[in-house]
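After this come two complexes, each holding chain A, first together with chain B and then together with chain C.
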Partner chain A sequence: MSRTPWLLVAAPMALLLVFFVVPNALLLSTSFLKSEAQTLTGELTLENYGFLFSKPIYQWAFARTFIVGASVGLLCVLLGYPLAYFLVRTKSRWKGVLIALSLAPLLASVVVRTYGWYIILNRFGVANDLLLNMGLIHERIAFMPSTGAIIIGLAHALLPYTVLTIMGSLNGINPNLEQAAMSLGASRTRTFFHVVLPLSLPGIAGGFILAFSIAISAYATPAILGGPATQVMATAIYGFMTQLLDWSIGAALAVVLIVSSVLLLYAASRIGAKQAAI
Partner chain B sequence: MSPWAALRGVVVFVYVFMLGPILITAAVSFNESNRSQFPPRGFSLQWWGRALSPEWIDPLVFSLKLGLAAAVISTLLAMPLAFALARHRFRGRDAMVALTLGPLMLPALVTGVGLLQLFQYAGLREYIGFTALLVGHVVICLPFAVRTVAISLHTLPPNLELAAASLGASRWRTLWHVVFPLIKSGIVAGAVFAFVHSFTDVNLSLFLVRPGEVPITVKILGFLEFGFAPTLAAVSVITLLLPLVLVAVVERLTGLGDFIYGERERV
Partner chain C sequence: MKRRDLLKRGAALAVAAPYVITARSQETLIVNTQGGEYQELVERVVIRPFEKKFGVRVVHDATGTASQDYAKIRAARGAPGFDVAGLLTPPEVILGVKEGFLEKLTEREVPNLKYLWDKTWQVIPGGSGAPHTLQYAALVYHKEKIERPRSWADYWEPQKRYGDKIKGHVINYNPANLLSVYALIHGAQLGGGGVDNMEPAWARLKAQKPYVGVVVTGSAEAVPHFENGQVWISPYWSGRSGYYIDRGLPFEMLIPQEGVIGLFDVACVPVGAKNKKLAYEFLNWRLDKEVQRQWALAYFTSPTRSDVTDLPAKFAASQIVTREQMAKTQFPDSDVIGARRKDWTLKWQEIMA
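This part shows the complex of A and B:
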């Protein structure tokens, strides 16, 4: 232990205190204040939370947010695991290119990538055109706005994170363990299910929770592929803050979102999933 | 069919899922009609012409400026912080690590809402727009920059610094002539990650815009309310290509890959 190197840390810490801690603290306090006619009164209240938890429309928004989050996490793991396993084990000379290709989507904004799904899924979109041309359907189907479309769009947006997390845990498995299993007579498939898969469970859990926690606070995808009937917490917060201008309730919603994310990340750390560190 | 062949089939499907929507977006931007026909019919550059009009170029340039400023400022702040966290053990260090990673853990959407309230209540309403966006982006980019610089500091053998010191170099001289040149690629990588993070952000920016000061992502999102427009497809492709080119160039010059995998090393 040495003296705190204030010279080095003062400026970035001051920035984080003023523009990260204070805004979040402000939200927390606003959520307990009563607001009337769009201005805050000094009165302490739990009404904002009561309002949110008693109205069916917001109960549904909470439920939908978590259903979307869990489905996105699941889909990301189901699609991401085979890809991660392939990328770690392949001997192809294109390995580097394939890895770059699987991470490249992260360079595009979620808005842009979700727009691709909008082009595919809207009523006059690519999917409807193709199905009509093939004679599989006779009337246009409304794939969106829907919760399913939101789930697909978000899974698409978050898949690279899951792949990266699972690759990290697969890379950490000692190859000797697999060789030992196979030299003892286990087949490749048996080795995978009894050795590799169990050892990569922390990576799976980590990838699931990472996708889950990002998905529940995503705004753009639910805004583009969903509608008024498929509100999630993020779109509801946006509505309260910019259209309904009820900041107290918006703040209460934001606090619920923070608590959910923190709980998820805490769960991840308990499971032993790798966390960011410095 | 062997298990490996089956796996390859699944992998092909996953790549189609990942890259398909992006390729379709690019394809329909060359469509002749203003519908999202796919496969495209005819070939036209008219939507690209419209995408290059001031209506779209202005927010694009705005995003570039914002991203550049956010990357430079967050990297400048990240260097001393990463150095302190990686090289010193002091009281409160753990709390500082948590605070530094905070913007990565808490939803950016919430930070955006909080900043909106802060600027309003503090009577700084006129700073909502570029200034507020810049502040917010520096906050959310900082963890990326700190982490990347910290990784390169950890891979640097401390012996080098001891050697320089034992040969009589002062602390600052060691820092400037030994440490800095060796972690330069880490600093560049941190700045690139910060830029990309800022350039692609929408969750935070959403709340801090004002007319005329709108990042391209928020602009596209607002435009989507009016439904499909091939111009938007062309704009999307442009905003997708810019960071891609940047990353490809930097990767050629200094190498970024190490830092993506660097996250694995627990530092």
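This part shows the complex of A and C:
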């Protein structure tokens, strides 16, 4: 067997080994080290995991992370699919401009976009002013910090990725299949649900997985719209690593996040693959 | 050029490279210190005059908070890429000494250490760094919205003093910020507790929660909420308070009747610093009498030297510049704070979540 393919992958593999495998191995080993008064000791322990799983605050951070991930993924698919469908099927001469416009949010930093939501959602923000002026509420509501605010902010930030993924899938569907279904008497709705939607499932699964995986590891949006009292795992890890300087618990939390997200993503991709095969 | 020549030149460059870098580092110092709105201030008052006097170049790394900077020092095992960690606080300094990542200083390297307040070495281990700035956790209030508070109780039980109108206008900070820790200690002291018994603080935090409108971690994050009038009462660093009030913020700063807790900003040299000699010179410069005076006036803080006595009377009245003021200022055990901060943060999160 020729050695050329191995030589070609040697450089990226070495890069992955040095900058991914080794740091993750260090993270894993740190998660089993005992920490005393913020200092790592050489003693092996399971206490860090015990601490995390015994405290409701971190159980909530764990649950909130995956609730946020799933909600953002779902919201992005529900909002992104009609947009992607329209952008793929429109015959407008402005099609290019419309695609560019729908992806325009990517031009602004996620922090800037999140602060836009901050201005809208805070207790003295635009949403409260509007509802008060319309007489729909009589007292200001704290829309944030909250899990809902994090979901809204992340869904807005990640929507373009889902649109792009679904567009790719819809573009790959042969238009003759739809025409064939309709020529055999299927209505537009029936054609959509029985031909287009099943064929675009890989795009839907890809868009969901992409939004989900970015959302569960997001830091900036949860930190701004959730604040220090509405933690997700990324903000909790940051807190342990750089604010409380307790690396063993921070590492344990990171390991829990990595392992659980890999397992969930694997499960989601298997389901997506099965659906696509059907 | 032939391939052999190219290889020869490459090898020569590779051999010479460390010497080139070493030669440059003799006159270049990398200092991690204040950023944001204070970047211009520290560069004008401290860094540029230092460059001018010693004929060197300072690269100003303006990123990170005290704990983030120490996390970098720890992650790089004492060689974080900067020669001076200019803005550590006592908990990080104590940790740095314990973990062996900070150089020990003596008056031989930093002669101006001899002018520091005697109390300094009760707060941080002797010779662990050069404390260059002294400030305290003051109480600030919006003078157009509420009456002047008198006690820490007016912050912890705001409804008792101000009624329901204060709802949504109180700010609270995550204990990752020392400001929060100090305010909680005052809350504990109101109920007869302290660093060894924080239960009274948790009771007050629970009572205050319905009136809290803003929760942040960093001190700078609070400023927009002061500016837009959302926050009316807050514990806040005296330095930042003076700075913003001087620039027109409609707030006033005061020392509540129970007193205040002081904080030293400390400059340290990581053990892996490339240019230690110049780093010691910089630390000594930060403690120079005139630099201390200028910095105190510019940053609205107190000098850490006990002999800077020629400050304007009005300014000095709100600072820690006399033996009496120093004696009244509390300095809780930072070793205890470091050891218990995780548990306090967890408790705070459980209440505020």
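Following the convention adopted for this analysis, the second predicted complex is superposed on the first by the 243 of 278 C-alpha atoms of A that agree within 3 Å, B and C clash if a C-alpha of one lies under 4 Å from a C-alpha of the other, contacts with A are read in each partner's own complex, and residues count from 1 in each chain.
Just so we're on the same page, a residue touches a chain if its C-beta (ideal position, glycine included) is under 8 Å from a C-beta of that chain, and two chains touch if they have at least 3 such contacts.
Everything numeric in this text was worked out from a predicted model, so none of it was measured.
Q: According to the stated criteria, A:56 is in contact with first (chain B), second (chain C), both, or neither; which is it?
A: After superposition on chain A, A:56 lies in contact with chain C alone.
Q: Once the structures are superposed on A, label A:135 by its partner contacts, choosing first (chain B), second (chain C), both or neither.
A: So A:135 meets neither chain B nor chain C here.
Q: Tell me which partner A:230 touches in the superposition: chain B (first), chain C (second), both or neither.
A: Touch partner of A:230: chain C, not chain B.
Q: Who does A:124 touch here: chain B (first), chain C (second), both, or neither?
A: both
Q: With both structures fitted on chain A, tell me whether chain B or chain C touches more of chain A's residues.
A: B
Q: Is A:242 touching the first partner chain B, the second partner chain C, both, or neither of them?
A: It touches chain B and chain C both.
Q: Do any residues of chain A touch both chain B and chain C, and if so, which are they?
A: Correct list for chain A: 122, 124, 241-242, 247.
Q: Please give the residue numbers of chain A that touch chain C in the complex, ascending.
A: Interface residues on chain A, with respect to chain C: 37-39, 55-57, 60, 122-124, 140, 142, 145, 227-231, 239, 241-247, 249.
Q: Show me the residue ranges of chain A that touch chain B in the complex, using the header's touch definition.
A: Counting only chain A, the residues touching chain B are 1-5, 7-9, 11-13, 15-17, 19-24, 26-27, 30, 79-80, 82-83, 85-86, 96, 101-113, 115-120, 122, 124-126, 129-130, 156, 159-160, 164, 168, 171-172, 188-189, 192, 216-220, 223-224, 234, 237-238, 241-242, 247, 250-251, 254, 257-258, 261-262, 265, 274, 276-278.
Q: Show which residues of chain B lie in contact with chain A when the two form their complex.
A: Within the complex, chain B touches chain A at residues 3, 7-8, 10-11, 14-15, 17-22, 24-25, 28, 35-38, 77-78, 80-86, 88-92, 96-97, 99-111, 113-118, 121, 135-136, 138-139, 142-143, 146-147, 150, 196, 199-203, 206-207, 217, 220-221, 224, 227-228, 232-233, 236, 239-240, 243-244, 247, 257, 260-261, 263-264, 266-267.
Q: Inside the complex, what are the residues of chain C that reach chain A?
A: Going through chain C, the ones touching chain A are 65, 67-68, 70-71, 74, 92, 95, 98-99, 168, 174, 176, 213, 215-217, 228, 230, 335, 338-339, 341-342, 345-346, 349-350, 352-353.
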